[in-house]
Each structure stands twice: as C-alpha cells, then as structure tokens.
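Order as written gives the chain letters A, B, C and D; numbering starts at 1 within each chain.
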Amino acid sequence: MINGERTTSRPLRWGMVGGGRTGQVGYKHRTGALRDGTYQLVAGAFDLDADRGRDFGVNLGVAEDRCYTTYQDLIAGETGREDGVDVVSVATPNFTHFEITKALLNAGIHVICEKPLFFTVAECEEVAALAAEKGLIVGVTYGFTGHPLVHQMAAMVAKGMLGDIRIVDMQYTHGFNAGDDDSADAVKWRTNPATAGATFVLGDIGTHLYYLSEVVLPHMQIEKLLCDRKAFIPSRAPLEDHATVLMHYDNGARGRLWVSSVNAGNMGSQRYRFVGSKASIEWSDSHPDQLIYQVQGEPERIMHHGMPYLEAESLAVDRMGALHTEGLGDSWSNIYLWIAQAIDAKTRGDEDFLKTHHYPGIKAGTEGVRWLENCVRSADAGAAWVAYE
Amino acid sequence: MINGERTTSRPLRWGMVGGGRTGQVGYKHRTGALRDGTYQLVAGAFDLDADRGRDFGVNLGVAEDRCYTTYQDLIAGETGREDGVDVVSVATPNFTHFEITKALLNAGIHVICEKPLFFTVAECEEVAALAAEKGLIVGVTYGFTGHPLVHQMAAMVAKGMLGDIRIVDMQYTHGFNAGDDDSADAVKWRTNPATAGATFVLGDIGTHLYYLSEVVLPHMQIEKLLCDRKAFIPSRAPLEDHATVLMHYDNGARGRLWVSSVNAGNMGSQRYRFVGSKASIEWSDSHPDQLIYQVQGEPERIMHHGMPYLEAESLAVDRMGALHTEGLGDSWSNIYLWIAQAIDAKTRGDEDFLKTHHYPGIKAGTEGVRWLENCVRSADAGAAWVAYE
Amino acid sequence: MINGERTTSRPLRWGMVGGGRTGQVGYKHRTGALRDGTYQLVAGAFDLDADRGRDFGVNLGVAEDRCYTTYQDLIAGETGREDGVDVVSVATPNFTHFEITKALLNAGIHVICEKPLFFTVAECEEVAALAAEKGLIVGVTYGFTGHPLVHQMAAMVAKGMLGDIRIVDMQYTHGFNAGDDDSADAVKWRTNPATAGATFVLGDIGTHLYYLSEVVLPHMQIEKLLCDRKAFIPSRAPLEDHATVLMHYDNGARGRLWVSSVNAGNMGSQRYRFVGSKASIEWSDSHPDQLIYQVQGEPERIMHHGMPYLEAESLAVDRMGALHTEGLGDSWSNIYLWIAQAIDAKTRGDEDFLKTHHYPGIKAGTEGVRWLENCVRSADAGAAWVAYE
Amino acid sequence: MINGERTTSRPLRWGMVGGGRTGQVGYKHRTGALRDGTYQLVAGAFDLDADRGRDFGVNLGVAEDRCYTTYQDLIAGETGREDGVDVVSVATPNFTHFEITKALLNAGIHVICEKPLFFTVAECEEVAALAAEKGLIVGVTYGFTGHPLVHQMAAMVAKGMLGDIRIVDMQYTHGFNAGDDDSADAVKWRTNPATAGATFVLGDIGTHLYYLSEVVLPHMQIEKLLCDRKAFIPSRAPLEDHATVLMHYDNGARGRLWVSSVNAGNMGSQRYRFVGSKASIEWSDSHPDQLIYQVQGEPERIMHHGMPYLEAESLAVDRMGALHTEGLGDSWSNIYLWIAQAIDAKTRGDEDFLKTHHYPGIKAGTEGVRWLENCVRSADAGAAWVAYE
C-alpha cells in the first residue's frame, strides 16, 4: 500500500508545457504529480498567452521568472540553471508533441507526454532512439492504468485464473460531441487532422483502451484488425467521432472495441471485459473500486479494491484502503510515481530495475500509435481486414 | 393495461408439438399461453417417447386420447374432430420446423413456431405463400418483445425523442457453453448443422436481438453487413459459439451486435442501446422494468414500467403495474395474446385489423432468417462485408 | 423446477369476491391462479355494480349466471350447485375480510384472502377455529414469498451459512401517496380506519416484510418492539403513511423495518438484509432474480435464480430457469399453487402432508395481524417499547 | 472548478501528530493536504516509537530534526523556530485529542483534528473558547463532506427542490469487526472506553453521517432522539458495534440512522437519503459521482458530478470534471483546502469571510459530540426517547 513515503532518491524538479488555466487536462497532471513529494513544480510554459501563463504559474507557486511563454524559452531558461528542471510534462495538442519532446530530450530533460504520443510510429522510433542515446525516460500519461484493480486483472490473467483468453471487449464512449458545435478550443484542435493527427476518438480515447489491454494481456498480439469509423458530424471527416474495431489475436482470441464521442448521454462507460475459457473479469473506470469476476457456473463475484483477498500486485498500489473510493487522480498519481521511479533508476544507472519496472514509457506510446496506424489503414481501405504491422 | 379480460371471440383450442417434460422451452410456451383464458391446451405431441409424452400431457390436463406421439398423428387425430385444435405451437429442434409447419397449414391449422423459423428464406417464402393461400396465421415466438418497455422504446423512436438514429448496439451472450461438453440434448442438436441449420448462437439467440431492433427501428434497413464468427470449442465448427456482426443501415447508422454462449460467467446480458442525435435509450431483459433514457447534457433518466409518464403503447401492454416486476413469462403471454388476436381477426376475416396489428408473424420470421443468411454469407467469405440481400 | 404438470388431484373450481375491473389487485390473483391448470375461474362477485361485474366476469370467461353481485349471492348460488366453487379468493377492502371469510367457511368453501387478514388477532383465532372445525384451508396472499430466491435465503439460514443471525433490516417504501390527494378509491379506503383497520402502510405493505422474515427466520421470535409512525398528510391520521419499527428478537438479534408511501420517487425498494455472524444476504423484489451473498472478508457474491449452485429448495420452485427473469406473477403463481396443494391435501385428508407443507395459511395471517397489533400498541403509547404479545 | 491555483496567501507550514507508518488514517490527511501547494509538511510527531517515527518522517521529506517523538517535543521545537508550523493535524486515538488540541492552541498553533473531536461537549466548549481567545482555527476532518455532490444536495435542499423535508435515512456500516478478534491496534483502542470515549461505531463512523446531514439540512434541529445500541461481540460492551438511532426534527421530519461494524460482508454502504414532499435525493460515498434525484411521478434522474446542469455550489468544488471519478482523497483535499482558507482568513483578520465560509470547524465538531452525548444518554436509559440537549 502506498502511504506517501518517498521511494525515489529526491523530489524531481518538474515543469509543464501546456496545461494552463483553460486546458482540460493540466490539473490531472498536477494532482497526479504533486502528492507524495515526488515532484516539485518549479517551471512551466503553461500558456501561449504570456501574461495569463505567468499569472497562472505564480498561482501554482512557480517563481515568476520560471514562468515561460514558449517551450523554447523554458528549455533555454532551465538548462541555464543549476536547479533546472529534471523532467517536463507535455500537455499540448497532439501535433506539437513530437517537436517539443525532441527538443526537451536534446536538452537532457526527461519527458512525460500526453497520448496519443506522436503522429507516426516512425516518429516514435526516432524519439525512442534519441531517448536511449541521451539516457532519458519518456513517459506517457495513460492515466487510467494506475488503478489498483487494473493490476489485479493483470495478475489474475498471469496466474491463469481466467484460463485461455478468448474474448476482449472494450468500450470508451461519451456523448459530449453529439452536437455539431465544435467551436470550443479543446474540440477544435481534436477534430482537425492538422492538429490532432489521423484520428479523433481513436487517438483521444481509444489509445487508453488499447494500452490497458496491453497491461492486462501482455502475452497476446494482434494478428489482424478491422476498423470501421465514421464522422456523424460531417465536418469532422476524415476524422471520426465513432469507430468499431475488430481484432484477431495470435492465440485465436477475438477482440471488439468501441470508441465514440457521440454516444448521446452516456457517462462513464469506459468498460473492459476479458473472457477466458474458465472465467471472465470486467472493470469500468466509472466504478473503479469494483472488479467483477465471473467463473462459469458459480455465483458472480465482486471484488473490492484494498481487500486482503486481492493479489499482492493490486494491494501494492492501493492508496486509500478498502471501503474508501479511489478516483482518477489516485490513478494518475500512481502513473506519475512509476515514471518518477523510472527516471530515478535511469539517473542512478539502475538498468536492472528498469528491465522489470512497470510504467507507460516510450514502448507503450509507440504501440498506441502503431495501433492507430493500423486502424486508419483499415478504415481507409473501406473498413477492410488488414494484417497488423 | 392488460387485466385478463378476453379480447378475442373465444378461447383457442391449442396444441403443442414438442415442449415435453425434458425440453427447455415448453413451459415458456405454456405459461405464456395459459393465462387470460385465451388458449386452452387440448392436444399435444409432446414427446417422441409415446409413454412419457402421454403421461406428461395427462399431467397437463390433456385428454389421454389427444396425447399423440408424432405431429402426423396429431394432425390426423385433430382434423377428424369437431373440436379439433385451432392452432399448434412447434417447439422442436430447428430442422423440423419447416415440415411440421407446412403439414399443419395444409391441415388448416394455425401455427406458432420457435425461432429461428426455418433454414432458408426460400422456405419462409414458401410457407408465407401457403399460409396466405390457406388464410392462416404463422406466429413466431420472439419471446422478449412482449415486454412493455420494448414498446416504450419503439414509441419514443417513432416520436423522434432520440432524433436521428446513429448507433445500434446489441448483445445477447451467456457462458453456458464455455466448456466443451456438448452432450446434453439441447446442446447436441443446436451445435449440429443438420439439426440446427447454418448457425448456432446467431440463430439461437441473435435472432432475438435482430427482431427486437426491427420492432424499435422499423424505418431502418441494413445496407451491408459483416459477420465474424468463431467456434471456440472446435467441434462446434462450422457453427459458431461467438460472433460479432457489424451493420451499416440505409440512414447512415452503424450497428454492432455480439452473440456468444462462451462468455464465461455472464448472466442476463441481453442488452440493447439505441443512440440518436439527441438522446439514447438502453434496455436489458435482465432488468426489464427499467428503461434508461439519456438526453445529452441532462441527468440520466430511469423510466419504470407501468408509470403514467410512459407512452400509451407501453402502458397498454403492461400487466402488473408499477412497482411490481414483470418477468419473461409476462412478455411471452403478450406475444401469445397478440398472435391469438391475429388468429381471431383472420378467422373473422378482419384484414383491416391485421394491417396494423403488431405481432411477430411470418414476415418477422422471414426477416430473421434473411439476416442469418446474410451473416453466414459474410462469415463464410472470411468475415467480409456483404451487401444485404 | 415447476413445468406446469399438475401436482393436485384435479383443477379447483375457483371464485373471486372483489378484484373487479377497477381494482388494483384482482389481476394479480388471476394471473397467479390461472396457469398450470390448477384453478378454473368459474364464479365471481367481482363488483358491487352488478352490470359492470357481470360484463367483467363474462369477459373473464365466467358463465353469466355465475357472475354474482354480492358474496352472499355467490355463496347462495354456488352452494346450490353440484359443480359449485371449491375455493374463493377475497380481494376486497380490509374491513370486509372477516365477515366474508366466515361466511365462505360456514358454507364449506376454502378461502384465499388478501392481507392484512383481519383487524384483530381475536378475529384470526375465531376463523382459525372455524376453519379447523370445517376442515377447510384459509390461505393468505403474501404474494412476494413465492420467489425462488426467498426460499434460497431460508435454506441458507437453515443450513447455518450465515452463522447466528444478528441484524434484520427490512424496507418496503414507495412514494405514491407523497401528495395529499387521497380521492382515488384504492387510497380512500386504505386511509380510513373504518375500512382499513388500525393501520395504513404497516398493514398494506409492512405485513409483507414481516411474513417474509418469518419464512426466512422461522427460529426467531420478537421479544419487544417499538413502532414510530406518522401521517405526513395529516388527514390520514390516526393512520400512518410512514413508520419505523425496531425489534429485539429472542436470540439477541436486532431488527429495523421501514414502511412508507411518502418516500417520494422511490420505486421498487422492497429490500431485505439478513446479517449473521459469518455472512449476510440481501434481496429485493425489484431485482428478484439476484441474491447478494456476502461473506466477511471474501468477494461479494451475486447468486442468480435457477442456477445449479442454489439450494434444492430454491430450484424446486423456479419456473423460468436461469437467464430468464421471473416476475411478481410467477411468485403469485407459486403461492396459489401451494395453497391449492394444501386444499388438495385437506380434501384428501392428508394431514401428514400438511404438517410440513409450506404455504401462507391462517397461522401466517394471524401472525401478521399480531405484529400489527403490537406495532399499534407501541405507536399509540408514544413510540414506546412494548413486550411482544 | 478547482484547478490547483492557490487561493490562500501562502502555503501553510504543516505538522502532524500521529498518522505514522502503521496508522490507518495518516495517508488520508497527507493526500488531502499535499496537493495544490496549500500545505507543506515540515514537522511531525508521527510515532511514539522515536526511531520509526523519524525514519518515516524523513521518508516523507521532513527534516530529521523536525521529526519529534511526542507532541510536547513538537510544540517545544516548533515554537522555537522562525519557520515553525502554522497548523498541526491530530490523527491520534480519541482520548488524546483534547489535551493535544489544547496544548497546540496554547502554543499559538491552528489545529486540524480527527473526529470524534473530544469526549464531551464541555471539552468542546472549553476548546472553542480557547481558540476564540487565541484567534485560532480548529478544523475537524469530516472527510466525506468535501465531495462535490454533497454540496449539490445542500444546494437543492436550500432551493426548495425537495419541498419540505420529511424523512432522513442514513447508514454507515461495514463488517470488518464481525469477528471477535480485536487485537489489532486500530481496533483495540476503538473498543476501549478509556481510549475511545463513550462510543465505538457511533463516534467512529456515525459522526460522519450526522455532520453530513447538518451540511445538507442546516435548517433542521433534532428535538428528540432514541438510540438502541448493542455489542454483538460482548467484550466490546459497554461500547457498541451496532446502533440504530431514531430522530424527530423540529419541522416534523423523521430520521433513522444505522451504524455498524458487524454488517458482515457489507462494503461501501455509507448511504444518505433525504425525502421531501416533492422529491428525494440519495447519495453514497461508494459511488460518489452519482446523485439520485427522484421527483414523485417522474422518471428517476441520475446526476453526474461535474455536469453543467448541477448547481454552482457543486461545480465550484469539482476537481476532475465530468466523466472522471473523484475519490475520497479529492474530498479530503477540499476539506483541507477549506480549513486552509479559514486559517488564512483568520490570520488576515478577515472575519467577514469566516462568517459565510463553509468548513468543518469547532462548531461542527461540538455538534458531533453533542449528538453522541444524546445517543449515549438514550441508550443508557434503555433505548428511551430523550429530549435533545
């Protein structure tokens, strides 16, 4: 159980690019990072509006002279200091991730980046090579996978409690874009290929599904895939506000995945179901403290987070204890902690630790982009089956 | 509200073929038919084991001399009587439906048949022509569509409360065949193409999903379809114990449907979600008294059966009233009632009534088989998209 | 599993007093009785409005000359016939139960009566003596206790799966009388002491709770009790639209019970929780197919009706089988069946069968009235503790 | 919406007494306080075991010389420093709260104390006077009342959306003490009157219920009360592991409350239901993102946190935004923030701000103890009604 005791050598000096006052996601980074004393927010280029960004940064406790306007300024300012940032989080629109990440790495700064990581696998591989060369970590904020019961699922699958995995059923949908008003900033850039990349909801929310499935089912690979996508609001085309993806895995399993932002009125429906030959498990982030475990022919079981009957892997990352609800912020704080541990190990040169340490890094980010590339290739071929590449 | 007052000219003299002591479904027919005084069970060929069938029939209150061994005996015996059966229900394995139905119609007897109706659309059309020629009704026991909230959904869609329908999401899965023991009679014939036809779960449970979607969305037609099916228990091949079907409708809507009998541990997951441009509705037969109604941007609403705020179409077919749970038997009793009303109208020559009367008849049965044919065509082409024919 | 085969010597000739077209509860009796061929509706005094009652009865299939206006007429008419009724159900306002039941018994007719049975325990005992003298059965329609999972609960308690029972928590509330318009017939008589007796919701819905607890916990007796009742709509006083009852049992257990008809907006909250030293069980008639079973320190279990892991006592009274929802009608049909079996045994003189046969009879009706008397005595003493008498 | 921008003059220098490595509740304080930069943990007497406490504190980032063994040492050490603590949280067993709080206040240090605050109202009043004299704040960690939907409930009641409040139904139960092994430290002191005070579960969890009801129903006062308590594990007597409390309010409303730690297998059942003449609301901390809102005669509504249709009071204290689950830690962080704002205002001398500022302070703590005193007085009188004093 996590109780706030530090597990790293020292607090990391942390900066942010993006995540300013008007952004959706900045607070999730901060509430994730700023507990347990693992990170200290010391710098930021929060906002392209310099005054607003400075005012905001100061309110967050950042020194005024370390509130920068652009990421270039931040890099210039911080690399000139003894106490410059160790790591910077990138919470900007997708199209900027690649160039900002490269610039940070080239400046010797670790990076934590929003998903989808970059536009192409080629970009991911270029960054992976750069990070390796520089001895730096790139973390990716797949924020839901810090929940303790996600790791309960992974442990149950690994122990064979489900038998052979047969069916993977995943869904992340909401209805906030059911209407056709895309004028809000956060929607505008997400629905424009120039700023969002080749996908809207597949990248925006589908990558969460895919990464979580990798965490739970690390032994399975997609062999072929079919993606049927559509923009119910025509102005969003060629990007999609709805997509179904079918997947065939190398072990014969079948997957089905649904992402949508036009599922009118639907709240909280990130749902995962993993069906094996013996049993199934089901989890939703809208009730993250409960894991449904169904053995065919036995009463359905509901497992609660923090209970002694859970696997050690789950209990190790629990923060609140049984009876007490954990939220998305708790999950993010685990993600941020694991990335900090990776940075710490990298800094200490502890490659052994990194070999087995679980955290969403450049590999996870790359695989998310690869999955998107395959989805788009299938969709653009008329929702045809494509071999997974 | 239905209160048991008779709405037909007289009780129908009713017989059964199949549905004997060891069958799964016979009691559902009887509990559906034998309330409200609409039907009187007077004859049956319940069982190919003559003694057991006779003993069983007598226990049901059927006169011993009207407990027959074969459907041929039943037809012979009943057509020779003044008080012979008006209508016979066919609750036998799939491969016998066609020949029994034809024989009954040829003998001037109305038919109520289990789904999937027959093996081919051609057979359905042959029977439709025969029934028309003879002036007889063929009903199909899509037993779930008698629930009052199914008709609430249809009324809400018809009134435009959902806006344009965009997404259809349907699921009927269970895990009773997760293991590989198919020796039980009810499983044996369902997994053998000779007795089940070209499908297992698609026909056995998927046709329920499809028909219910026709009831709720009568204005929509499938344009093309893709069916990916698999037998996780190899001995079931070429039939399937799992399938996903994607559908494109003529109004641009997208459909996804899942059927499976290897969804280990899953109970009660017949689920329907219809998403429109304004709102969505969701219903499950495992909680048939609740309809979830979600208008984007408003609190989620849960509608309860029997409440005055519902549409007249739903209240008209309610039996127990608000607060009091209705079960599958109540739904079946509505289906049986509607078929009785059709038979009564046909007998009276009231074709006007039949023009607007809702009941699952030969058309509904035919469309179910057509859908199966399209699914199989797609699946056999390698889960390819096929134009709906 | 119940499949409709007759378990009694012959169908009972059945009549009704009350339960006419405008009543709330008549159809529940009929849909409960008129399946399985156990009862045949042959007579009725459905309505004090003679024409309406006759029209209604004929629509139910009753011969016109056996549609009576008063219960006295019915008794007179039926006792004069060879094929007169065996048993009559009384579905009239409370204040008439006693006189009608006595008259029927005196005429040699078995009785099935609505709850609360009579106004006083003295009346109950008088009728019990009369029924014993006449060799007749009095059944009471505690309609919810026919659900299979109620009997699963009783079996689990009997087997010691809960350990020593410590806490009994029961609730039956709705909000249909939250407003002050009591002009509807069904409300008017229920809120008038002259027609309802000494209680409103305690008798109307609380007796269901109490009887179900007797079924599940037959080994426990109340030692003392406190009832705090109130009429939130003042015109209902001295009757109550809300009450809380605390109970101390002879084994040291504590009970709490809530009944209300002003629980605004509440649907389907008949809820039972039985807590033992080892485990708890919880059941609600709004989801009657699920039983929650919680062993301290283990994952919560949800048991589904009809599944092989249930106790034999539950499976024996299941009608639809697993996956298929049972409703209140199915529960009523079990109650009616068990009463028919009691009548049949009584008629056959099989007192051995009656010694162990479970059904809600005169004893259950008496205990319900006794509980009400104790509640009223406590409430009238200022919600004081009273020794249970 | 809270996004981490500082709303106080400067971060508070914060210390803890108790809440060490083996405690249950220490991390809840820290995860609540240590986000948003509102508090900085600079000192602590975490543990009576000096070495363990120092090791723990250092791991939390506290300087070694500010890791004290006793609260007296902490006060001595911190009051001697320029940068001494502004505020200290007391997370120790109940019997120490009073003396530690007084000592801190006397040393000029603000206090945040666990509930139940002290043993008697007299002690509360003494401390209130002392705090007033010293110009210091005493906050109480009623940790659940920081949830945004608690404030939605309060706003809805204040706006009259429920009409007149009639029924208050509250429950906080779990089963962790269903067995009789009380040897764990956290249980041992809680079940001993010398260390826990006059109650076990009433104080430990019941005070949460009572305070939340005060937040939602500030206009209502209890007039009389009855408390029936029991120790199902006899060694816990005279303290209770189960209690039911009935309450009559000055507006005629009726309350019922259940607390228990022997509700075997029950998880997450902190539940609140407030019933008015027009509508009811229901909330549980096990699904804190959903508020059930039921208007009699309309479909049930489920409100989700963070949605624009909520009241401003709720949206103002939301942290994660709609779709994203908030947990108990988020609620605690609001409580800690509000107390910080009170301390900041007190320090600035802004009494106007304090007049309307919502936070659980000495008044809330006092009322909780008053409620316990009344409960115990009733229970000790044989579960008799007592006038609320």
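A few points about this structure:
Criterion: contacts are C-beta pairs under 8 Å (C-beta built on N, C-alpha and C of every residue); 3 or more make two chains touch, one makes a residue touch a chain.
If you want to know which protein each chain is, UniProt gives these names: A, B, C, D = Putative dehydrogenase.
The structure displayed is predicted, hence computed values, not measured ones.
At the interface between subunit A (Putative dehydrogenase) and subunit D (Putative dehydrogenase), over half of the residue numbers involved are used by both copies, so each side presents largely the same positions. A count of contacting C-beta pairs for A-B and for B-D identifies A-B as the more extensively joined pair. Each chain gets a centre from the mean of its Cα atoms; for subunit A (Putative dehydrogenase) and subunit B (Putative dehydrogenase), those two points are 44 Å apart. One simple way to say how far apart two chains are is to compare their mean CA positions; for subunit A (Putative dehydrogenase) and subunit D (Putative dehydrogenase) this gives 34 Å. Note: centroid distance subunit B (Putative dehydrogenase) to subunit D (Putative dehydrogenase), computed from Cα atoms, is 55 Å. Each of the following residues of subunit D (Putative dehydrogenase) touches two or more other chains: 176, 267, 293, 297-298, 300, 304, 307. Residues 2-6, 11, 21, 24, 26-28, 30-31, 34-37, 41, 56, 59-61, 174, 176, 267-268, 285-289, 304, 319-330 of subunit A (Putative dehydrogenase) touch subunit D (Putative dehydrogenase) in their complex.
Within the complex, the subunit C (Putative dehydrogenase) residues that touch subunit A (Putative dehydrogenase) are 293, 297-304, 307-309. Note for the complex: subunit C (Putative dehydrogenase) touches subunit D (Putative dehydrogenase) at residues 162-163, 166-167, 169, 175-176, 178-179, 226, 228, 230, 232, 242, 244, 246, 252, 254, 256, 258, 260, 262-267, 275-280, 293-298, 300, 382-383, 385.
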